[in-house]
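Think of it as A, B, C and D in the order they're written, each chain with its own count starting at 1.
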Amino acid sequence: MLAQLIVSGLAVGACYALLALAMVIIYKTSEVLNFAQGEMAMLSTFVAFTLLDAYHVPFHWAALLTFLFAILLGIFFEVVFLRQAKDPTVLGLIIITLGFEMILMGFAGWKWGPDQRSFPFPVSNIETYNFHGLVISKINFWTIVVSLALMFVLFLFFRYTKLGTAMRATQQNPIAARVMGIRTKRILSFTWALSSLIGAVAGMLIAALGILDPPMMMDPLLKGFAAGVLGGMTSLPGTAIGGAILGIIENLFGGYVSLAFKSVVAFAIIVLMLCIKPSGLLARHYVKKV
Amino acid sequence: MVKKSLFLMSGLLFITLLWMVPLVSAQAVRGVTDTEILIGQWGPQTGPAAPWGAVARGTDLLVRIINEEGGIHGRKIKYFLRDDSYQPAKTKAIAKEFVEQIGVFAVVGGVGVACGMTARDYLMENKVPWYGPVTGVYNWITPIQKYLFALYPLYDDEAFNLTGYLYEKLGYKKIAMFYQNDDYGKQGVMGVERYLLKKKIKLVEKVSAEVTDRDLSTHALKLKNSGAEAVIMWTMPTHAALILAETAKIGYKPQWATSNTLSDSALMMQITKGLWAGMINSFFGELPDSNHPLMVKYREWHKKLAPQERWGVFYYAGIIFAEPFFEGVRRAGRNLTPETWVKAMETLKNWQGIGPPVTYGPPNTPMDRQGGKHVFYGKVRADGSVERLTDWIQITK
Amino acid sequence: MGSILKVEDLSISFGGIKALNQVSFEVEKGMIYSIIGPNGAGKTTIFNCISGIYRPDGGRIFFNGEEITYLKPYQIARKGIARTFQNIELFSHMTTMDNLMLGRHLHMKTGVWRGATFIYKNSKAAKEEVAHRRKVEEIIDFLELQSARNHFVVNLPYGTRKLVELGRALALEPELILLDEPSAGMNMEEKGDLMFSIQDIRDDLGITVILVEHDMNLIMDISDRILALNYGTKIAEGLPEEIQKHPEVLKAYLGEEEKVAQS
Amino acid sequence: MDIKRDYYEDIELFRSGTILVWSILFLIFLAIFPWLIQKYHPLGFSIYIANLIAVHAIVAIGLNILVGYTGQISLGHAGFFAIGAFTTVIPILKWDFPLFIALPIAGFISSIFGFILGLPALRLKGPYLAIATLGFGMTITTIIKHMEFFGGRMGLQAPKLEFLGTPLKDIHFYYLIMAIAVLMTIGAIKLMRTRVGRAFIAIRDSDIAAEAMGVNLTYYKTLSFAVSAFYTGVAGGLYAFILGFINPESFHLIMSITFLAMVVVGGLGSIMGSITGAALMTYLDIKLQAIQDLPAFGSALVVFSQKYMSVSGISNIAVIVYGLIMILIVLFEPLGIFGFWIRTKKYWKTWPF
């Protein structure tokens, strides 16, 4: 049972990590906590659902179109709402993302209604791979693979591409970056597009794991946020580790201690851990210069 | 500056507009005029509990059918549906709006225990008839309220009898329970445990899920490790779908059984990708494809009046929760007041629409205000249709 | 006159770089003591160690003979050490008056209950508040900040903000005040006024001053003693005239100038 | 004129005659509101909304002390609200405490929890504090759900209140709530103008300088959480009686977010802003339910929904409008309604120019 709990925990953790990844990319470049992340992903997933269900588009085309939609949605939010904020406070930004979350949630409810649906996904959530008695459903397995692959690609992207370096520069000092000829506005739009895209991947996987309905991302998003914080909010490997730890702890706690408190134990642990290491697992702690 | 003042102006205009939402002045009997009867219902149309909102829209269909057929005693029904997002503070505001601003004759249905409980005393104090809260808990009948008639079969008794059916008729001795950790799920557990206590055995395992949980792999493992032959499930559709997928994943296939809350087999088959087949379900209303003459009629009207709605169980439950109310209105005659309505309701004896047979009486015991005392059992076939296993069975004495 | 501040072998390093390396010095009561050195020499770091913002890796700091090395900043303030900051750390959304009133924080007693419940003029909290406002007015007069009295400090010019910060430190009624580049961003006239203010602080208010400054004229004019640092190490200490001629100091500054010339 | 003769005038509640007059007018308005409104709107509904607004205003003020004045973020105030509600109702139900004792006790219990939450907050900033407070709010409701002492999942019915043997009606309760709200507002205004309030603002603007000036960060940060929790706890206690029935399920994250929205929309660091923010957001939240019933606009919406969206989801328009209002206010009035008020005031003062 222990091994199985850990394996299932890893599978869930991979979903958390994916969402955390989407949040972290934005936080890295613009220090915005995007509470609308979950609903952006949900909306993208609904678009995919409509393409598949109502227009019978083949899955790969539907996925591609959905990714395109997610990218546009990310850019739309950045350009139409966030960019309009003059000298925003951290709180103001949070409120903007929360407001956008409500709009998206309302829109999805208005367009598709509140019913639960099953998301047609080519990989089954019931068929399993069996490794020496440990079972993992195909979709869980592929979720882990996808999140690791995405993490790796992003890592390379940030480290070695020109755009990635520009994004890092924008994060560390936006004014200097602008002086150096980096078009920070474009970088920001790009960041939102990228984040929304990753969110859409996560949304489709989560919908395929369970069911598709407007509130489907509420719980995963909070856990993703928690995983991101655990990993330090700025570190890509950190989010992977954070997600995995969170998933495993949750499952072990649920399995051996109490199912009732399973969903809040994560937060208790995070608070405790943050008290010991306030900047998360893998982030450097900056001392403010006076 | 211009942009900002425009923004502000439109904001102010909007707020004033909201203030002007039309009011209806009070009549001699609140909500009853020569030509109209006003009734209201709240239901979550937004937020996480929104799937339940279909009930309130189903009632709307029944109202339109009645109006199309000429109304009741020359009066048309005017129906007000308000969204409370499952937030009690809003429910109470809506109840006050119904009574004081719109001036309804009665409230019908209404989802949620906490939501309804904030409004119950207020409605009763103002002598507003309330028919059929959409939850099967004791809160509605204890203490006995003169103007409140409950319909929904009590979760507790339903679970008690479902366990009996599994234990006696189908011979399952190792029974586990999977429930949602709220008032609804807790009452299910109470009923199941009450039955097993009578037989002097225990649940082999009871596993609860929080309403917000979306990962049930641990729950599934616990159920599997218990080795139960049958699992009774007392959850909402989302958790039902998740737990079935998770147990299927680890190769655990017990006999599942569940409450009428999950009796929307078509929906459940769809969201569980077929795993719902074989489920033993209790039902408190006719099956969606039933040949019951009323069902045939309602389905025809549904196609005509509200084709955009799915003919799901939650939806036509809105009809079930309103039918006896309108029967009471009919029996009360042209002189409709809360008092005559209550008197008329108390004359219902084994009256049946598409729901369970309903009996009320003068309020001597709580059960005189509990209408739905029957369910029947069915088994879900592989194609999503339901094989009716029993006729209506009385579950509440 | 006895020593008011004694620093012994103070060391601190950040990520392997020694920001301070065994620096020792002693300040006597009633002095204007200056610390000079090129950028990155560790001047501000000394201030941060004294006021408790950094915890030194080694060494000890004594204030009036009492060790204060590992005390927290607010405890050190309570002992009687006030400071200003290089990059102005004012409470920007408060008025000048309120900024200075915060300096009186330690001398006031009003807590939550009294603060929330005083309504009438003769309540204890009101009386205390009024008494301390009177005190703050004196400081405002002293620094000639009347015109900025009720303005939010965000809107004030840089030089005035520097003065407000100085006033806030004075409001604490400290025995020792640490001024971190008080003249930065000021014009000649303002600098002149500031010089007199600093002297008045010592002479009229009897407060010992430690100064970190780049403006050599100002330092040489008003300092009683000077400490020169380079790369976190003490290179000289003495009277202004001695420092002016000290070969290490000249090298540190000239050396720097050479580098500047080359780049 | 603007000449002050006495230092006391700076800290007076009413800094000028105009404010005094307006404040008195507002109090008179509150006192005769039930009488004013009954002509146009039946009593109970308006009184209920007014009560709800007053309670939300107390929460918003409390939250503003923490968020606007001290600069800490909290996504867990629904937790304090729940603590307040349950710890008010339970002593009254179980041990027959009178309300005026139970309510402050609830406030203090809540502030103890605030103090506890304040401890990790000492070391946490930004997203870290957000997640910690968010977790706190969720944990509190989960604990309440699982303790039968608190009525478990079933919730608790608030007892009927009596005063000298006569049961309190909504209208009596209105005056009680208003009195408490006014007192707590004055308390907050006063507190923010004295030593403690200055320390809070100092921590927000520059914690390093505050500490160097002798402000004990540990003490004042936790104090801010405690004061904020006290306000929220008292409000929670009143809320329980407004609703008449409390269930842990109602104190969810969305509630915390709504509180935060009230504060930001009203204006960070402004007590009056908190009150207007609470009033506006509560009013909209209730009133937007009936958006389809608006003349002309409503039926147009239905037609549009039928054509392009779904009719079953039409109520979601309210959510969309609510979210949009939140965004627009933050975008165009970063200081919230309070900021708008200040600008209008300036505009009128300098009017012909």
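What we mean here is this: a residue touches a chain if its C-beta (ideal position, glycine included) is under 8 Å from a C-beta of that chain, and two chains touch if they have at least 3 such contacts.
Treat the numbers as computed from the prediction; the structure is a model and nothing was measured.
Centroid analysis (C-alpha atoms only) places C farthest from chain B.
Should one ask which of A-B and A-D has more C-beta pairs in contact, the pair is A-D.
Chain closest to the overall centre, judged by the mean of its C-alpha atoms against the mean of all protein C-alpha atoms: D.
In whole angstrom, the spacing between the mean C-alpha positions of chain A and chain B is 36.
Centre-to-centre separation of chain A and chain D, using mean CA positions: 31 Å. Chain B and chain C, compared by their mean Cα positions, are separated by 71 Å.
Rounded to whole angstrom units, the spacing between the C-alpha centres of chain A and chain C is 47. For chain A, residues that reach two or more other chains under the stated contact definition are 105-106, 109, 114, 260, 263, 290. Among the residues of chain B, those touching two or more other chains are numbered 45-47, 50, 53-54, 181, 210.
Looking at chain C, residues 53, 85, 89 sit in touch with two or more other chains.
Touching chain A in their complex are the following residues of chain D: 67, 73, 119-120, 123-128, 130-132, 134-136, 138-139, 142, 145-146, 208, 253, 257, 260-261, 264-265, 268, 305, 309-310, 312-320, 322-327, 330-331, 334. Residue ranges of chain D in contact with chain C, taken from their complex: 6-8, 10-11, 13, 186-188, 190-191, 194-199, 201-202, 204-206, 208-217, 223, 227, 269.
On the side of chain D, the complex with chain B involves touching residues 41-45, 48-49, 52, 142, 145, 152-155, 157, 239, 242-247, 249-250, 254, 283-291, 293-295, 297, 306, 310-316, 318-319, 325, 328, 332-333, 340. Across the complex, chain B meets chain A through its residues 45-48, 50-51, 53-54, 181, 207-210, 212-215, 217-219, 221-222, 225, 237-238, 241-242, 245, 248-251, 267, 270-273, 275, 310, 312. Residues 27, 31, 33, 81, 84-92, 94-96, 98-103, 105-114, 222, 225-226, 228-229, 233, 260-261, 263-264, 266-268, 270-271, 274-275, 278-280, 288, 290 of chain A are the ones that touch chain D when the two sit in their complex.
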